[in-house]
Amino acid sequence: MITIIAGTNRPNSNARVISDIYADLLRQRGETCQILDLINLPVDFTSTALYDNCGKSEGFNALNDLINNSDKFVFIVPEYNGSYPGVLKAFIDGLSFPNSLKNKKAALVGISTGTQGGAIALSHLTDVLHYIGTHVLAAKPRLMFIHKNLNEGKLTNALYLTLLQEQIETFVSF
Amino acid sequence: MITIIAGTNRPNSNARVISDIYADLLRQRGETCQILDLINLPVDFTSTALYDNCGKSEGFNALNDLINNSDKFVFIVPEYNGSYPGVLKAFIDGLSFPNSLKNKKAALVGISTGTQGGAIALSHLTDVLHYIGTHVLAAKPRLMFIHKNLNEGKLTNALYLTLLQEQIETFVSF
Amino acid sequence: MITIIAGTNRPNSNARVISDIYADLLRQRGETCQILDLINLPVDFTSTALYDNCGKSEGFNALNDLINNSDKFVFIVPEYNGSYPGVLKAFIDGLSFPNSLKNKKAALVGISTGTQGGAIALSHLTDVLHYIGTHVLAAKPRLMFIHKNLNEGKLTNALYLTLLQEQIETFVSF
Amino acid sequence: MITIIAGTNRPNSNARVISDIYADLLRQRGETCQILDLINLPVDFTSTALYDNCGKSEGFNALNDLINNSDKFVFIVPEYNGSYPGVLKAFIDGLSFPNSLKNKKAALVGISTGTQGGAIALSHLTDVLHYIGTHVLAAKPRLMFIHKNLNEGKLTNALYLTLLQEQIETFVSF
């Protein structure tokens, strides 16, 4: 089971659109997958699910269970202020340790409306994942100008589609 | 006016203790300062104050005003999972742009119970601040094993105190 | 005196071309500047000028003197393998400390033939400069696809020229 | 065949001492390994083996062959000026691509005389290795105050030895 994490709680995010596209590509490849969309985080999770409250929020625990039941993760990471969304990191800060992500594997995809495609965001997230013991696939596609390359839920950029498919090929055997 | 940001919403945080110590040092040096403690973030700010809701949360706006009315910032940054707290980044993600932090100046302090002292956390935060146009002081003290070096609200490590005082000296003229 | 560092020892580098353009822009602005081109590093500097040999290579010392006599630096940084050139870091590793760069100021420009424009290279170099006590200007233009935006020693991309001019405006008063 | 890279050309480096210790640990575990010590780089390699001279230096090619003939690498990385040694990156800049390191695997160890243990150095090197397609093991031991924990070629710190052994266990099956 591969879990795709739509890495923002922004409503109607491009991260979710890319997550759906990624799920289709995985299923075409014969892989089983599910989407964990951070839009489903409890609205007060930063006060009820972190630190000493770790494990106490049912809504948060439901998402945490999706993590616990998977060994491979795809993070779809929008670039906010030159890094990953704070909400994505706050979600990670609330996960039950050490079982949640240690010795598991992750693939990262960056998306941005600007020119970076999340280069630094993916570097930061790699640091975090390595710190908590998750191995990260070297290939990290960066989909810049994402708003110009999506139309009605489809990627219109053939190169971007190829990059995702190549990532999947290496991730399946990672 | 220098604003010290206690960079976590964790109750009774060491970040707040260090913020209070830092405020004392600044006042002894004749500087005016205030503390912005992320414990005061609205419990639901990630759902009510970010993205399209930017500016709509009164509780968040009150904190944002503290930012808008200052030109210099000291970030006290605990290390969570090898980086800055997600909540700190989510707070930045909700600030009104471009006025809040652009062309302003920041000093960073890292604290951790482990051995890093937030080295990578401070590197990540520097990337974010540079991205949004805030200049960052080169000197970034890292206070590792912080729990062993605090007692009843006082720093018991003379070196740590010296590092903070030296940072203040350079920050005042930065 | 502002020293522009062409950040590679590659012959006929685009970094040198950009350095010359940057020097012209500074002079038009009324600033005095000089170029330190790493092409002038002694061919054996990694064996004769680093570590215990620090200070023993006349050819290296001549470049080090250019650093010592300046308070402001512009680093033109090509992206090699997703970071700064190893030679640029080896040059820094050989500088006399702590006088060379501590408490001085730097502006960074990234160039690449690929899509990143040196985003991560500039992040890495910022970490290094902060470590040795050099303050870094927040604005760091990234000139991607540089080979398509240069013609006979001139920048043909108006946006890139504007980015450099805006950087100069803020750097002069930094 | 695992290749251990002593990541500096500094004579009599601690990086080499740790490389020898690491080789012993690998052999005790039944693994075959060799050491690539950057002390063996040609003294003029930055002028004769990089860029358009890639492949033209026999001395450099001999080291490059050690890379080409291995699938797994251990980088022993001293911290110089808050990052990896420039010489290590210059070595990577000269490798023949894309065969040398793409789709291969690496484990990283940081060493420093200071408090960081190369935290940021290892982060930077991870960025570079990921860029060129090398997968990096999540666990990256950081051996700070290395000079106080080595005696006559032996690690006197039991924790450090354990960290290296645990890294080897996960790396062997990575």
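Just so it is clear, A, B, C and D label the chains in written order, and each chain counts residues from 1 on its own.
Simple rule for what comes next: contacts are C-beta pairs under 8 Å (C-beta built on N, C-alpha and C of every residue); 3 or more make two chains touch, one makes a residue touch a chain.
Nothing here was measured: the structure is a model prediction, and the numbers come from that model.
Participant: If we define chain centres by averaging CA atoms, which chain lands farthest from chain D? Would you check?
Facilitator: The chain farthest from chain D, judged by C-alpha centres, is B.
Participant: Quick check: more C-beta contact pairs in B-C or B-D?
Facilitator: Spelling it out, more C-beta pairs touch across B-C than across the other pair.
Participant: Averaging only over C-alpha atoms, locate the centres of chain B and chain C and give their separation in whole Å.
Facilitator: 30
Participant: Could you state the distance in Å from the CA-based centre of chain A to that of chain B?
Facilitator: Spacing between the chain centres: roughly 27 Å.
Participant: Roughly how many whole angstrom separate the Cα centroids of chain B and chain D?
Facilitator: 35
Participant: Going by the touch rule set out above, which residues of chain A reach two or more other chains?
Facilitator: Within chain A, residues 120, 123, 127, 130-132 contact more than one other chain.
Participant: Would you tell me which residues of chain D are touching chain C in their complex?
Facilitator: 9-11, 41, 43-48, 50-52, 80-93, 120, 124, 127-128, 130-132
Participant: Considering only the defined contacts, which chain C positions touch chain A in the complex?
Facilitator: Where chain C meets chain A, its residues are 115-117, 119-120, 123, 142, 144.
Participant: List the residues on chain B that touch chain C in their complex, please.
Facilitator: Residues of chain B touching chain C: 103, 123, 126-127, 129-140, 170, 174.
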